[in-house]
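The same chain A turns up in both complexes below, where it pairs with chain B and then with chain C.
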Partner chain A sequence: MLKFLPYVRKNILGHRVRSAMTVAGTAVLLFLFLFVTSVQNGLDRILDARDDKLIVFQAYRFCPSSSQLPVFYADTIQAVPGVKAVLPVKVVVNNCRASLDTVVFHGVDPKLLPAVRPNVRFLSGDWSAFQSRTDAALVGRRIAERRGLQPGQSFTIAGITVQVAGVFASDAIGEENVIYTHLTLIGNPGSHHDFHATLFEVQLDDPQHATDVAAAIDAKIREKYEVPTETKPQKAHYAGALADLLDLIGMTRWLGFVCVGVVVVLVANSVVMSAQDRVKEHAVLQTLGFSGPRVFSLMLAESCLISLAGGLLGTAACVGFLEWRPMSLSTEGVSIDFVASGTLVVAGLVLSLVVGFVAGAVPAWQAGRAEIVSSLR
Partner chain B sequence: MALVEIKNLSKVYRKGTQEVPVLRDLDLTVEAGEFVALMGPSGSGKTTLLNLIAGIDRPTDGIIRVAGVDLSQLSRTKLAAWRAQHVGYIFQLYNLIPVLTAFENVELPLLLLPLSRSERRKRVEVVLGAVGLLDRYDHYPRQLSGGQEQRVAIARAIVADPTIIVADEPTGDLDAETADATLALLRRLNEEMGKTLVMVTHDPHAAAAAKRLVRLEKGALVASELRAVGEERESVARAGA
Partner chain C sequence: MRLLPWDYGVRNLGRRPVRTALTALGLGLVVFLLLVVVGFVRGMELSLQQSGDPEVVLLHNANSAENLENSSISDEVTALARTEFATHLVRYGETAAVSPELTIAGRISVGDRTEGTTAVFRGVDLDRVFLVRRQVSLVDGNLPGPGEVLIGRLVPAKLGVTASEVAVGQSITIEGKPWRVSGRFAAPGTLLEAEMWCRVDDLKTTMKRPNDVSVVAMRFDPAGDKAKQMGYVDYFCRNRRPDLELMGSRESDYYASLQKHYAPMRALAWLLVGLVSIAGACGAANTMYAAVAGRVREFAALQAVGFPRRAIALSLFQESVVLAAGATLAAAALALLLAQGVAIRFTMGAFSLQIDRTALLVGCAAGVGLGVFGAIPPAVRAFRMPIPDALKAT
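What follows is the complex of A and B.
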């Protein structure tokens, strides 16, 4: 088949404008499809993440700012059997609604953080730089890139002024969208100078007992402080926060499928036009001894190559764009990263090949089955 | 030795419910090394006969055997493979592939044969040299004159060293001078390379290049005359005689 490639290539390049238009159209639509898929991928990553933590949140509260739990509850939670570690977290966001540019501060105890975040990898700065200043901030890679934040730089967002002590990368879901700072900086001390957290992140001895431990935590706090809390596995907490977006993202998946459908029609149209223009040429090829299946495969190769070229462009554009401008959709302090993963690249290329095959199969089959004599006329 | 054996050959085209007989009960034999011209008025069935010999059409009835193979017994795919090996077809309107250069056009039939790239190159260069167009190997059909295009088409027809060469009005679209040059080339293929040629033509001048003239009328063979260069025609057979 390889020795026929120059013929296929020349036929594609010989109809430059038509091929270029089809490739461009395919690229744009593949870009759209993959962009939508990257959101879906980000959401799947959150919902498929390992569920080994519990989140203690104030009951009947939604936006992080509405959950106020005194930090000293941590001792009570720590005493519940099955709890390994507790991290009080004060969450402050610049926008509690759905937004593409939400900045999320997590106020934490700087001494506790290294033990519960072993996955943090410093791109600049270190733990000691973070611990040495009360206004120090560790900035997640994605938000640092999005906002252009550098070590040593001071900035104010949502009324909080911090200085960047370091930038970190992490493979934990959504963590690269977080700015860690000191809880004492943003923890709103109450009337008894007690700091408040938004939530408690609870690590478990055995994640399999998460449900029982969650119930025990809620019961203990209610019993001791008469405050209703809602303790859920982290994944369920995220799903609750993102509930409003789930349907919307689900709908965008259909939009992606529509894009794929349009690509099929676009490529099919191009291949049909090409086949109709070259009825006589295919008859000549058959006269020379090219079999019907050979003509079919040549036409199909054209269709697949055009589609693949569009797929390559669209995929490269989508991945390049998401690398250049890391995007996240956030609501209630939980972020969905638009993930340009290797899987997305492979999916884009495989999809474009499948589209080329589907779009080209019928016209190619017709070209291969045409009667030579009537086609020559 | 008979290269083409045709017995009781009939061809009927169907247009909707209507049947149009094109060839009726035709017998013909072409010996290896012959140069046969098929003549006759429009609609006499000469191109249909040529297409049947070339294996690009199928008879309705009768037997057509070329190089010992009964073509009506071959499947579409096997017939295509047979054509690739045994038939060189020259069209009236050249039918070169517009996006390919002269070299690539001539190379096309070789892609179907188990030849290395260098073998293909060698063969293409030989035949392009034989038709006097080696210096135009990288020209596209649009950059060639009609006569040059037809020479490329002839090179394409002979490059795979086919058993039989068929030509459908090969000079029909050429001026007189170019037509003469093309006919001279066909004669050389026949005389110097021993190729068997069957050519359809309206033109008596073109037919004069052939060694035998076969006349068709209304789908039937009405005359077959042997001709020798510089000699008078010798009528050897008449249909129905």
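What follows is the complex of A and C.
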């Protein structure tokens, strides 16, 4: 089959405008399909993440600003058997609603943070720079790129003014969208017992006992205090916060499938045109001894190559775009990154090949079964 | 100018039925995609536009101007507002249109489901709220009594449950306490339709917030000077009672300010519309190229018998536009049938896809535009060749 590749190539290049338009249309639509799939990928990454932490939130609340738990709850939580460490976090967002440009501040105790964030890699700055100033902020890579934030720069968002002490990268999901500040900067500047945290992040001795520990924490808080808590594994907490976006993501998924449908039609149309224009040529090939299956495979190869070329372009454009402009869809302080993973690239290329096959199969089959005599006439 | 007969171009479409059908299908899918995306954007925009009543002014906490769900003000503000703005408010008999409201964004579970869903519930004074919230009307059941809740029409979509699960008489759990559904209300096109309403005193007790509300909504006289009205409100908040940390906002301005948060999402949706259109244009142009390429001799012959180039080009446009228009109409019908009014759950509410006049105009213009654009390059190409050469072309 490979020896006929020059023939296939010649046929594709012989109708440059038609091929170029089909490739361009396919590239655009696969770009769109992969773009919306990257959101689904980001969501899957959150929902499939390893569950080794608990999140303690005020019961029945969901927006970060509506959960207000006294910081002294940390002592009670720490005393629950199975709890290794507790980090009170005050979450402030510039917008609680769904947005592509949400800024999420996590106010934390700067002394506790290094121990619970061993995965943080500094691209600039370090822990001491963060700890030395009360208005210092550590900015996640994605948000730094999105907002153009540099070390030393001062900025104000959501009424909070901070100075960038460092930029960090992290392999923990969603963490590169967070700006860490001092808890005192965004908490109430009163005495210790006046502080409120939005949530408590709980590290466990043994993640296998997460459910039991969560129940014990809620029971203990209910027993001692008036404001009840709802403790969940981090993954369940994220899933709850993102529930409102599932319809939207579901809709974009359907739009992606329609895009794939349009690609199939586009490529099929091109192959049909190609087959109809070359009825005589195929009859001559069969006269020269080419079998029906051979003609079928030549047409199919043409269809797959055109589709693959579009797939390559679309995939490269999608990956390039997401690298150039990292995007996140956020709601209630939780972010879904648009992830251009290796799987996405492979999926894009395989999908374009499948589309080429599906779109080309029928016209190629018809070309391979055509009657020689009537075709020659 | 001597034109080709109308049916000449139309009959040409039937000469290659597979190609025509595939092109129509491709164009139809493209227009359908455009209509759904534009319907999404329109639904979001309209729900925010219609939610804000321009006659209503909200008194809220000065620090919660962008998220009123987080606002907390003293409930004495209601009485203060009634006396302070007495001459400027709409009145029904002796009652001024002033409504204290406690808004909570919280987790709600339905039936036996243990996992709650997020929604907004609003505690209202039932004697006054309808004087201010003119968009709202009761469509089923009764106003809520103690321990009861009135739900908006989009609440099932918002909670991701069936309408029967939250029908009148059913029970839902808010803040761990069961509430009976007493009725259903409509507030067409607004975010209020995704909310649940109950008596403000009930909600205060449940939320352990006995002395505060989220906002005080006031309806000002529409005949009055709007700038002056806001001036009085601002003066009251800043100068007369600065201790209460109040701020006044027109409700329409508040919802307009929310629009800016969704601007990147809308921009992305429009980018999607643009890219899908480009792909559609590629498909349409491709088909017309093929239609022209096989008919070079035919066009030369038509010129030889006296038809001007413009007449042949017009026939080509006609062919392409008829195909695109047919596909567009089918796609519009499909979108109206399948997508119009579909409820989309969104943060802090829900809205319906709106395949309205604007969406249809954009979709149809794009569909017909694809037909026109698809015909231009092939038409130019068709007439590049001199007539004698074209007549000899194979």
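Keep in mind that, in the parts below, the second predicted complex is superposed on the first by the 372 of 377 C-alpha atoms of A that agree within 3 Å, B and C clash if a C-alpha of one lies under 4 Å from a C-alpha of the other, contacts with A are read in each partner's own complex, and residues count from 1 in each chain.
Note that a contact is a pair of C-beta atoms (placed from the backbone, for glycine too) under 8 Å apart; a residue touches a chain by one contact, two chains touch by 3 or more.
From a predicted model like this one, the values you see are computed outputs, not experimental measurements.
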item	value
Fit or clash between chain C and chain B when superposed on chain A	fit
Touch count on chain A, higher of chain B and chain C	C
Touching partner for A:Asn11 - first (chain B), second (chain C), both, neither	first
Partner chain in contact with A:Val178 - chain B first, chain C second, else both or neither	neither
Which superposed partner A:Leu113 touches (first chain B, second chain C, both, neither)	neither
Which of chain B and chain C A:Pro293 touches, first, second, both or neither	first
Chain B versus chain C as contact partner of A:Val284, first or second or both or neither	first
Partner chain(s) touched by A:Val373 [first = chain B, second = chain C, both, neither]	first
Touching partner for A:Lys3 - first (chain B), second (chain C), both, neither	first
Smallest separation of CA atoms, chain C relative to chain B, angstrom	10
Chain B and chain C footprints on chain A, overlapping residues	none
Partner chain A, residues of chain C touching it in the complex	16, 18-19, 22-23, 25-26, 29-30, 32-33, 36-37, 40, 63, 66-67, 69-70, 104-107, 115-118, 157, 160, 174-176, 208, 258, 261-262, 264-265, 268, 272, 275-276, 278-280, 282-283, 285-287, 289-290, 293-294, 344-348, 377
Residues of chain B that touch chain A when the two form their complex	51, 54, 56-57, 76-77, 80-85, 87, 89, 91, 95, 97-100, 104, 108-109, 111-112, 117, 156, 160
Chain A - residues contacting chain B, complex	3-4, 6-7, 10-11, 13-14, 280-281, 284-294, 372-373, 376
Sites on chain A touched by chain C in the complex	17-18, 21-22, 24-26, 28-29, 31-32, 59-63, 65-66, 95-101, 159, 226, 228, 230, 240, 243-248, 251, 255, 258-259, 261-262, 265-266, 268-270, 272-273, 276-277, 331-332
